[in-house]
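Both complexes below contain chain A, partnered by chain B and then by chain C.
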Partner chain A sequence: MTVAAVDQPRERDYASIIGNVFVVALAVLAILFLALPVVWIFVGSFLQTGNPISAGSMKWTFANYRTIIENDFLIFIFNSVFICIVAVIICTALAVMVAYAFSRYRFPLKRMAFASIVLGQLFPWVILVTPLFVMFAKAGLLNSYVGMIFCYVCVSLPFSVYMLVGYLEAVPRDLDEAAAMDGCSRVQIVLQVVLPLMLPGIVATATYSFLLMWTEYLFALAFLTETTMKTMPLGLALFFGQDTVDWGAVMAASAATTLPALLLFLPLQSKLVSGVTSGSVKG
Partner chain B sequence: MSTLTLDRLSKSFGAVDVLHNISLDITDGEFVVIVGPSGCGKSTLLRTIAGLEPITGGELYLDGRPVRNVPAAKRGLAMVFQSYALYPHKTVEKNMGFALKIAGEPKAEIDRRVLKAARILKLEPLLSRFPRELSGGQRQRVAIGRAIVRDPSIFLFDEPLSNLDAALRAEVRVELRQLHKNLGATMIYVTHDQVEAMTLADKIIVLKDGYLQQVGAPSTLYNDPDNLFVAGFVGSPKMNFIPGCLRQGTFLSKALQTGPFNVDMDCIDMTVGIRPEDISIVEFGKGNARLKVDVAEYLGSQTLVHGRLSDKTQIIAVAPGELKLEADAEIDLDIPTDKCLLFNYEGQRVRPDNGSGKVERDAPSGEKLQQVASC
Partner chain C sequence: MISFERQHLGFILAMLVPAFLLLALFYIWPATFNLWNSFTDLTLLSMRQGGNFVGIQNYVDLIRDSGFKTVIWNTAFWLAFVSTLIRLLLGLGLALLIHSEPVRRAGLRTIARMAILLPWATPPIVAVVVWRQFFDGQGLFNQIFLDLGIISEPVAFLGNQATVWPALLMIITWNTLPVVTLTFLAALQTLPKDLFEAAEMDGAGTWRKFVDVTLPHLAPTMVVMGLLLVIWTFNNFVYVWLATGAGPGTFTNVLATEVFMKGFISFELGYSSAVGMIMVAIMLVFGAFYFHFVASRNFKEIM
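Up next is the complex of A and B:
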């Protein structure tokens, strides 16, 4: 009896240790999978060959960064940052208003309108390129910030609305009504009560649309032909020559494109925590 | 401080009528409780008064001014929600002062009034906390505080105690009554709990299926209900109903004969209502009804005797003190005629004829009269 009583917990201890080791190993593997390419890029960007495991010299250098700066990469990054930030602000502001209407108002054909927003995303972007190109050419919107911003707002709006409606549904309607009883106008309700509560949702949605636009290649390739208007993904492609690839420059350019996104969204990460509404209404 | 008048107010959601022609007068300083079973439209009625739901028909007057088209924000009423609806991103202090901030009051005035309300509700130590850091009872207090701060013309309460546990509910109930006394404001309170209604109200409004059943003081509703529904809804344990017929002023059923009633009508379908506390258990052979006991529930000061009459009618009687009874024991009850209330086949009260008014009479169809005769 006593032996078994002593043995059993020990067996369980071994089992839990093995279990823990297994979980840790899995986590390490996942991190390796996710982090290795990033590490590779950052290390490679400081190597002449651009390849961390190449047979050649492992000399550290800033030459790659000098190359991309000489090749107007800073302009591409500026274009990307400008277009994306303006488009994200417009898109998120519009999406908040549309989502509020879908969440809080009753109007005819509401379900159909919402379904069309979701369905609209089923079309692959590539079929939009040609008609948009014709329209943009007629409107003089090719090679312009306005055109690209318009285009990016349009393609990221539906999903942003879809996401925000979900977040808004989590904000209890009682709070809207309490604010109305407290004398708030509709605008005050949204600005003072609803917006602060759905801030995590807004940050998540803005992050999503920013990353979507930041890495967008297809529309940029079609609508931006002048070098000074090009965005960062197009700039990155410039380093892939017809016959040769300057891997060092590609790595440096890749690293340089990661940084702005990182710098923008690291501080916002803490806002992405859920549970802000806890305690408002009895669950 | 104000009066509220509802004039044939009705409300429908699409094709569903929720409130039918509700007319009411609520005078200054009254504590009015709207009570009814779930789905009776009581919360909707409160929300139409608040302005959160538009009304479909009729009119609503606040201090004699029609407010049908005045939005909730402009009516100057304060509401305490069942879910409390505290702003989770604001501290208790900010929650309570929010309405004043929106109204553009100066900061010093806001602080003064928030502090005053916090003192009334003993919330001072909690002012810098967030709602998520409070217990249910404290949140409830903050929600009430938010209403007090505004010094509204009318307070609206939508089942404010239903999320509290029983002990706390009783405590807050007393505090609410105290608060009403101190503030002297008009309060409209919705609940499904008839105990809350009885203890809090100056005036009770009983609703069923969107129809007004009866309006009156708690004692009026208890002693002099207008219909079967009100009689059954008010009072705990519930009033007993014994079906039978009325013939020449005497109530007759298989299990009970009692009378005379000063009612000049014969009716084959009549119900007698008698409150459990009015029934007394008497020496065997001396009562006017015999009860077969199912269960005796001992509550300390009294015993609730559940049983059936010979016609299977369920009856509850209240006996003082402890009464030990076996299941299936037979006891005799005295059901006093002067405590019996009569209800006709439509469930409407038939009041004794004092010679002053005309008595409603059933249409004397031949068939019915025959049934009465053979009853």
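Up next is the complex of A and C:
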């Protein structure tokens, strides 16, 4: 009897140890599932075959990077960086203006204006491609930076406004009023009082916009047909032949496209997460 | 909130007009053009003189076309329903796992949080690329399955009707699971502790606590996340297009790829526009839900 009394809790201990081991093993599996593909890309980009499991591939090489550079990849990098940076600056500036008006002023049709911003976030972009193509063809905006910047500003403007309105809610309205009492003009209030306080929000929003544009494929595919105008996601697809795939080059291009996104993501992760929980950020 | 007075009008307009002008040019004008085209027989050849007005003929053709039924089924069942369900379940499971005591004690919580960021930061095209290599004839999966003797010859997972949808959903799930998981994790961090203690006092076990306390707490997050996932995947063009090109044949064709292929490849612009308008109509319903139940509640103060 005494034996049983001693044994029972011990059995439960064993059960809970096995349970814990199971939970931890599951977590390790999940981590592998999440991380493996990214590790794979970076490892593969330094292997001749681009595929870490294929036979005889375990010799490190920069050949893949040389291949993509010889195939205009530096131009794609420049195009991506230029288009995205200009578009992010324009988009964020416009979004701050709209978000400020939404957050601080009452005006007619405001509910409708806000609803249209929300709908803009959910709009199926693919239906815009053909009409925009016709419009761009007439205006000479195909294969142009201006056309792409216009697209990317408009693609990420609704998200940016939505996110910034959220961040502005955290800046007390009393501050604006106090500044107004002190004789600040409206523009001064925005630039000198509100902007500094919402700077972290602006940085998070701008980063998010940048990532959205950096990884955009559909509009680039439709409107950039000249090789010298292509962005990185498009340039990457070039290494996908119809019948054969140069996996080494594809992996090197993939690594080059992913690395900046990763470097931007890591420091901002916590802010982006809080943006997501308010349902404002697109996956 | 500053109440509306005439003297503010200039400032408000200056803040709003530039952005809304661009948005109108980008969304409203093309969408209107699209709506008009959907009632014409516009093709590439008739581009210069414009298409003839054909009324609702394109919509009638759509409904009669059996291929379109497959497109609707693929979009509604595989993309909207199955992929969302999988991601909600896996996302919840993963969040609970990371949040759990053993994982914390094993020192894995931070590592897991970092690992989650990797797929999230991966551009969709890159995600598709690396998974395409996994699914390739000489890829990881074939290698593993061949070694284990599960299959006797390589399978083209993305070119085979039996495996293409699961493979596609795997790509989408890997790339978008982080958002779901992190959202649930954030919700788990706000779990009311006193409710847990009360449940423990009542002698509730782990399962009962989960069902009676955790799940109800997470329910609103699940609904919002589910709605967003449906909308995002419904609209998404990139995954299907890059992974399978709507193939094999048109086996994985969805609304977004159908609009693109009909409009941009076979240049049946009238028909493509009609498909596009169906997408817009469906999206307006989801959008109204989202606006009413999520956006306007989040921003009650400014409305």
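The definition used in the following text is that the second predicted complex is superposed on the first by the 224 of 283 C-alpha atoms of A that agree within 3 Å, B and C clash if a C-alpha of one lies under 4 Å from a C-alpha of the other, contacts with A are read in each partner's own complex, and residues count from 1 in each chain.
Here, contacts are C-beta pairs under 8 Å (C-beta built on N, C-alpha and C of every residue); 3 or more make two chains touch, one makes a residue touch a chain.
These numbers were taken from a predicted model, which means no experiment stands behind them.
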item: Chain B versus chain C as contact partner of A:V43, first or second or both or neither; value: neither
item: Which partner reaches more residues of chain A (counting touched residues only), chain B or chain C; value: C
item: Contacts of A:A170 with chain B and chain C, given as first, second, both or neither; value: neither
item: Touching partner for A:V86 - first (chain B), second (chain C), both, neither; value: neither
item: Touching partner for A:I69 - first (chain B), second (chain C), both, neither; value: neither
item: Chain B and chain C footprints on chain A, overlapping residues; value: 276-282
item: Chain B residues touching chain A - in the complex, by the definition given at the top; value: 50-52, 71-74, 77-79, 81, 83-89, 98-99, 102-103, 130-134, 136, 139, 146, 150, 163
item: Touching residues on chain A, where the partner in the complex is chain C; value: 19-20, 23-24, 26-28, 30-31, 33-35, 37-38, 40-41, 44, 50-51, 53-54, 94-95, 97-98, 100-108, 110-111, 113-116, 118-120, 122-135, 150-151, 153-155, 157-158, 161-162, 165-166, 169, 173, 186, 211, 214-215, 217-218, 222, 233, 236-237, 240, 245, 247, 250-251, 254, 257-258, 261-262, 264-266, 269, 273-274, 276-283
item: Touch list for chain A against partner chain B, complex; value: 172, 174-175, 177-185, 188, 192-193, 196-197, 276-282
item: Interfacial residue positions of chain C with respect to chain A in the complex; value: 1-4, 8-9, 11-12, 14-16, 18-20, 22-23, 25-27, 29-31, 33-34, 37, 47, 94, 97-98, 100, 102-103, 105-106, 108, 111-113, 115-127, 129-131, 133-134, 136, 138-140, 143, 174, 176-180, 182-183, 185-187, 221, 224-225, 228-229, 231-232, 234-235, 237-238, 242, 255-256, 259-260, 263-264, 269, 272-273, 276-277, 279-280, 283-284, 286-287, 290-291, 294-296, 298-299, 301-303
